[in-house]
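I'd like to ask you about the structure that follows.
Letters A, B, C and D name the chains as they come in the text, with residue numbers starting at 1 for each one.
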Amino acid sequence: MSPLSDNLDLLTPEFAMAGLAFLVFALDLFLPEGRKNLLAFVSMAGLAVLIVLSLVMLWDEDKSLYDGLLAVDSFSLFFKVFFMGLGIAIILTSMDFVENRLKHQGEFYGLLLFSILGMNVMAQSRELLTAYIALELLSFSLYVMVSYTKNSDKTNESALKYILVGAVSSAILLYGVSMVYSTLGVTKFDEIAEGLAIVSDVSPALWVGVGLILVGMMFKVSAVPFHMWAPDVYEGAPYPVTAYLAIGSKAAAFALILRLASEGFVPATERWEQWQVVFAVLAAATMLLGNLVALGQKNLKRLLAYSSVGHVGFILAGVTALSANSDLASNGVMFYLVGYSVTNLVVFAALISFFNMTGREMMSDLGGLADHQPFLAACLGMGLFSLAGLPIFVGFTMKFYLFTAVADQGYLWLAGLAIFSSLIGLYYYLNVIRYIYIEPALTGENGEDLLEEYPALTKRPSFTLITVLGTGSAAMIWLGVYPKPLIDAIESASRAIVF
Amino acid sequence: MEWAWLIPVFSFASALLIVVFGRSLPSKGAFLSILAIALGFAGFWVVLISWMGADTTTSGCFTSENTHLLTCDYERTWFNAGAVGDVGSVSINWGILIDPLTIAVLGLVTFVALMVQIYSLAYMKGDTRFGWYFAIHSLFAAAMLTLVLADNFLLLYVAWELVGICSYLLIGFWHERSSAREAAKKAFIVTRIGDVGLLVGILLIWREVGTFSMLDAFEAVRTGAMSEGVTTVAALLLFLGAMGKSAQMPFHVWLPDAMEGPTPVSALIHAATMVIAGVYLVARAFPLFEAYDADALMVVSVVGLVTAFVAATIALVATDLKRILAYSTISHLGLMMLSLGAFGVTAAVFHMMAHGFSKALLFLGAGSVLHSTEFQETGEMGGLRKVMPITAILFSIGALSLGGIPILAGFWSKDEILIAVNEHHNVAFIVLTLFTAMLSALYMGRAMFLVFFGPLKEQNEHAHESPLPMTLPMLLLGILALGFGLISFNWPGNYGGFGTFIYFLHPHEFHFEIWLGAVSIVLAVASFIAAYLFYVKRSISLDTVRSNFAGILNVVENKYYFDEVYQWTIDRVVLVLSRLIAFFDRAIVNDIIVNGPADVTRKFGIALRLHVTGHVYSYILAMAIGSVGLALFVWWRVA
Amino acid sequence: MNDFNEIAMLLLIVVPLAGSLSMMFMPGGQTKETWYFAIFIAAISLCLSLVVFGNYDYNVGGFQYVASYEWLPGPLDISLSLGLDGISAPMVLLNGLVLFGGVLVSQTVHYRAREFFVLLFALAAGVYGVFVAQDLFFLFFFYELAVLPMYLLIGVWGSSTDFGTFLRTKEYGAMKLLIFLVAGSILVWIGILALYAESSDLGAATFSLEGLGQLAESGKIDEDFQKWVFPLFMVGFGALAGLWPFHTWSPDGHVAAPTAVSMLHAGVLMKLGAYGIIRVGIFLLPEGADAWMPVLISLGTINVLYGAMSAMSQNDLKYIIGYSSVSHMGYVVMGIATLDNIGMAGAVLQMFAHGLMTALMFLLVGSIYHKTHTRDINVLNGLASRMPINTFFFAIAGLASLGLPGLSGFIAEFMVFTGTFRTYMPLGILAVIGAALTAIYILRLLARTFMGEADERWADLTDSSRVELSVGAALVGIMIFVGVWPEPLLRVINVGVQTIPGV
Amino acid sequence: MVDLVWFQLLSAILFVIGLYGVMARRSAVLIIMSIELMLNAVNINLIAAASHMEGTGKFSDFDGQLIAIFIITVAAAEVGLALAIILRMFKNRSTVNVDEINLMKW
């Protein structure tokens, strides 16, 4: 047993991250009202430094800290870099919005940093309590961020729903943890795997416990039937926070699920094969319902919420296909997470940009966008095509990779269902594209021109958003046509958890 | 003879040149067309002479086992279907087959085409699409010559379709007239129905024999490689094609309407050349028809006879000059078919040529009349011999020839037919044939007398004789109509008469069945006299005849209601079916089967979204139920 | 030399794709310049197509210029493999021709011209990609890429038409087209995944056509498996080929689409489906193909007759041609389903022939519509006197469509007939009848639209522009050339067909 | 010593009561309290399990107690946050009745 101070340096990035967050909070106190923008740059610079730091310090590490509570391996490094990169992108995306529409800018960035810290720890944790704490760190930050525009009724409502449902879900998760604990007496993933493998009696307590832990996770990723909060919260939350919810928190939850499943469930191979199908059913229900319900949506945020539910279904299909002898599925899931995040980032960045100009968020408001904002329209269109899974964008390649993995594990029906659901998805994505490119510009309530009402529509989007959109779109295409570098990284990451 | 393929190529080249450069050529390229066909005519003589001088030692020549004639066959690969050398691959050839049948029809086509094109120079003068007219004429000549020369069924079919399209284009030449438009369409579509049979027949033969070569097919029939059933069916299918092209009942309806085209076109295509393609096809594929029990030939003769008779009756009551001629053409085509059906290949080909020259002459004469009077109804004419004497004389020669007046070409060929029918069929056939021949003389006389005799109408006094480019071709054709019959005799030297030039299996020395000849002469002369009495002297009242046969006449004047039946079929069956399918496609397949699931999915999605009620406790309820379900599910899977 | 060809193959995909991407960055609004640039790109593509077609050695046969670029090694084993055989070579050429023609006549596109060409070239790149890809992943990748731009191309630049009793908006046409085609492609996708899973079970997990082909050849792929997977490809690819009853997207799509898009759509896009059935379905699942061919050929026959009958009572020029495409693709399907070397070669030739013919027709209809703003054959009349050149070309295209000898369509249809007669004779007879039905609607169209006395409202119509004239003349020239002397094309197709298993 | 099953049963009952409260109550504050009940059920379960099997070799650490303490802490924070949001809600809308809080649905 190693002392607590053992290898503490390997956690430097986490400490530094916490420090950075506090620094932002502290700086916030001193900066005058007009200069709060600086905080965004400080956060971004900090994150950039931390990315470099993590890469330099933790490259090729494969250590387990605190008696196996935390893992510092290439899997966690991959997600750490990914999350921090996402953090930078989210900050870039939200800067305008935060500056013009939110009060208390400093706390926003500080909370964002804390949530990233939570995400990083989620990807590292190999023990249920640690995972739970990290999860709550992320959730609490998000609760606050969701309720950020505190005078808006919608925001209030979504925050209340989020926290109530979230609290119940963490109670259920904890109850599951307690059940597993009371039967197996362990909380570490690898020990759970051992326990599951050798336990011969099928005591309901143990397996119900496992099931309830799953519920907690499924809530986080908003899988059916634990998805109902998502559309409401997405709709009510401030736009950048919606984006963050859709991209960041989901990816973090999946990082946790990946590690939990591949270290805690899959090694008990025979058992895993018995109840693998649970994931399959969840996946099937999620992808179908998400895509179907999205068909009737008019509000863009709600639409994207349901769309993300659908995508969660696809990723869950990948989780179903996790196996002890092939890393195809975990590669696929990670590739999908990255690709989906990049794509969604582009979509949200474009929508936020539009929202900054007009403050509108309905689908029909996008009418004629291609005429007065061709760049925005192109990026949004590409993003939507990518979400729909069409080449040359990453959406196609990642789906192909993931579904191949699913089919390879014998779940061809699930892959088929996933492909079918993406067809349904195509319809509503195309509907949005129809508004952007085909429908004429909307006229205001009194028949006045939208352009007159919103003169900002004729101006270019802000530089930060253009940066995000440009790099995001380029990344979307690049990952779509040449994903090899990313796949190489992912392979080394998934080796850390699979074999 | 190897170079005979150049004959159609001249005309092809001229067609192409006129289309591409026509506008900048003098006389819009008409001279090119005439030059090409003149070269073709010269080519015919070259071929004829070299065939005469050829024997089995000449390259490509041999004595056909089927016809016992010296036949020359030259072919080159056109394209390969399937890789060369593979099982099941086929090489498709361009090939020309030269035997007396080819040569005879070649002569007919090149000569009449040359005449008609020269005639057209004057006739079509000033037309806005003068160049276009000659381009299609050239194309037609080329295609027709290819048809005649082809040594395989595929090439024949190619040419067959090409002449069809030229006919379509020429009938619809004055497409501003809706009747011309409709007629063109009708002609093409009706013949196309026959073509289906032709193509199916060709493919059937191919399926059995494995090649498209006619000689191979005949060989297969002769050796019995092709079974009786298939041979008969194939022959009948080919005949279906022939019926379409040669306007046999019930596919004859297009030909009268085809008179909407310029008259020289009618002369060339719808009298002398294209319409004989069917007869040519049956003659060419005769080994298929006569094989085994020659069941197919029976069908051919019956169809021919019925056609000949029915068309003759209609011709008798038609009033439009060109339509009279058209029905006469149908009737004579029927006679040719009848002759073929009676094993009279020689007679059929002979009649084909005699009729070709005569009918071309008649049409050109009619064109001359039309050109000058601008009337087409015989009722508007009369006495024209006073203003256009040359035309009148030449037209009369043609009419007498077709009517079967001795020493004119038509007499000899008709006589051959009668002999063939008499030899191979029963009494009913010969009686009907004779009756048809009589009708033929009667309506020819009627046309001739109505147009050129009797009093000249005032409205036609300005009419005048046509210019030389029109009368000269008529004159040349007239000479042939007069004297062509002479080639049937055994002349001194090594020419033994037409029957030794073209025959099937064994040569027919010329002979003359006295009683048949006598009967036919009597009938023909009597008919002409009757016609004279009816239409010039008016000494026998037409009205009494009419009133006596009112019922029948009504049917005949309505052309036996063929057009009505077709119209009804198209309007009430084909078009209705088509609309039904189109409606089915839009309303059922598209709006229900395609849109339906999409709509249902979307509506289902819209309904499904109601499960997100907006109440937080219902979310938690769903979560609770989900938790219990999930936990139990996990447990159940494991247990 | 071979290196050069390999590079040319790669460029076939890269050039239009790069053209598409680079045009994104061109300044908007400069219609003329954009058009010139597009012509430039299309000309390069055409030259490349000619080069690879011309250099294909038909004496050797098989796949040539095979090159493989590593893309994703590892368990998935995906690489960008390219290769050309006798089936794809004519298709590449066809795409080059139609693309070039389409770009030329897009002179009339003024609205958002830049985006138009961006999408058009993306589509073209996809089509090229499908024809040269030797890997299922890339084949499918390009397949979807070729379909995707259609939505916007139709939706933005298309036209809505009110037919009195029913309305067909461009949004509807575009949406239906894309959903339908993607619905087809999901079946294909499932089939591809099933193949991969099967190959993985056999211990040779791969997407490469070559590898899978070897598996198929060695007979290791279970027959039952083949029998249930083949229909996925048959229907999936068939949907794009307009296979009955999965054809309704096609006429409606045409009605809504702008000229160049219709040209590419009917000219080459529909061929992707037929090509896919051959390349993926028959090559990889020979036994499954064998079992399903009676069904396929029956559907093909229905296509022929049903398409022709539907076309007969349409009044919109584009509907007529659209249904005629359905009918003609029926011959392609029939030819494929014969699994006979002549029939199959006929099918490939028919793809080529129909591509040119239908492209020409859409070009001309586009030109008419551009000038008269109607496509109703009851309204149009006597255009022959106003637009003689247009009429002439249309007549040639129409005649090619009804199978007139001397034009490309005849040789192809004839070969399909021969193939069918050898295998399924009764259906062959129906197909011949279908060809006769074609005459009815084509002549009806010609008579109503072009013949007769022109209305006064058409008095000011001008004939085809010089661009249209040259494109039309070129297409007509090729059609006649192929119709008169098909050997240059056929000898390539013949060796391609030779390698199809079961033929 | 009382058998572990009874503790588990107690915990389960408490948990279900809490869950029922969450669903049945309409006041957001009472929902929060019900959630607290659920969390306490978890704590009972954990501590009982940990203490019950001490010395059996299965439980080497005070894991159960440890977790419970963490949960108590986190729950406190959670309640604080939730109450803040509810307060905000009350200020804006003058109600905390979840029946009325359904601006967003479907």
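Going forward, contacts are C-beta pairs under 8 Å (C-beta built on N, C-alpha and C of every residue); 3 or more make two chains touch, one makes a residue touch a chain.
The model shown is predicted, which means the values in this text are computed figures rather than measured ones.
Enquirer: Based on Cα centres, what is the most central chain?
Expert: Here the chain at the core of the arrangement is C.
Enquirer: Counting in whole Å, what is the centre-to-centre distance of chain A and chain B, each centre being its mean C-alpha position?
Expert: 77
Enquirer: How big is the gap, in whole Å, between where the Cα atoms of chain A centre and where those of chain C centre?
Expert: Chain centres of chain A and chain C, defined by C-alpha means, are spaced 41 Å apart.
Enquirer: Roughly how far is chain C from chain D, going centre to centre by Cα mean, in whole Å?
Expert: Distance between chain centres: 64 Å.
Enquirer: Roughly how far is chain B from chain D, going centre to centre by Cα mean, in whole Å?
Expert: Roughly 97 Å separates the two chain centres.
Enquirer: Counting only residues that touch at least 2 other chains, which ones in chain C make the list?
Expert: In chain C, residues 179 touch at least two other chains, as defined above.
Enquirer: Specify, in ascending order, the residues of chain A that touch 2 or more different other chains.
Expert: Correct list: 160-161, 164, 168, 172, 231-232, 296, 427.
Enquirer: Scan chain B for residues touching two or more other chains and write them down.
Expert: Expected reply: 598, 609, 612, 614, 616, 620.
Enquirer: Among the chains present, which pairs are found to touch?
Expert: The set of touching chain pairs is A-B, A-C, A-D, B-C, B-D.
Enquirer: Which residues of chain B touch chain A once you look at their complex with the stated criterion?
Expert: Answer in residue numbers: 598, 601-602, 604-606, 608-609, 611-612, 614, 616, 618-620, 622-623, 625-627, 629-635, 637-639.
Enquirer: Going by the contact rule set out above, which residues of chain A touch chain D in the complex?
Expert: So the residues of chain A in touch with chain D come to 129, 132-133, 136, 140, 143-144, 147, 150-151, 153-154, 156-161, 163-164, 167-168, 170-172, 174-175, 177-179, 181-182, 185, 187, 205, 231-232, 235-236, 296, 302.
Enquirer: Spell out the part of chain C that touches chain A in their complex, as residue ranges.
Expert: Residue list for chain C touching chain A: 17, 24, 28, 71-72, 74-76, 112, 115, 122, 126, 137, 140-142, 144-145, 147-148, 151-152, 155-156, 170-171, 174-175, 178-179, 182-183, 186, 189-190, 193-194, 196-197, 200, 205.
Enquirer: Could you pull out which chain D residues touch chain A in their complex?
Expert: Chain D residues touching chain A: 4, 8, 11, 15, 18-19, 22, 28, 31-32, 35, 38-39, 41-42, 45-46, 48-50, 53, 58-59, 63-64, 66-67, 70-71, 74, 77-78, 81-82, 85-86, 88-89, 92-93, 98, 101-106.
Enquirer: Which residues of chain B touch chain D in their complex?
Expert: Listed in rising order, the residues of chain B that touch chain D are 609-610, 612-617, 620-621, 624.
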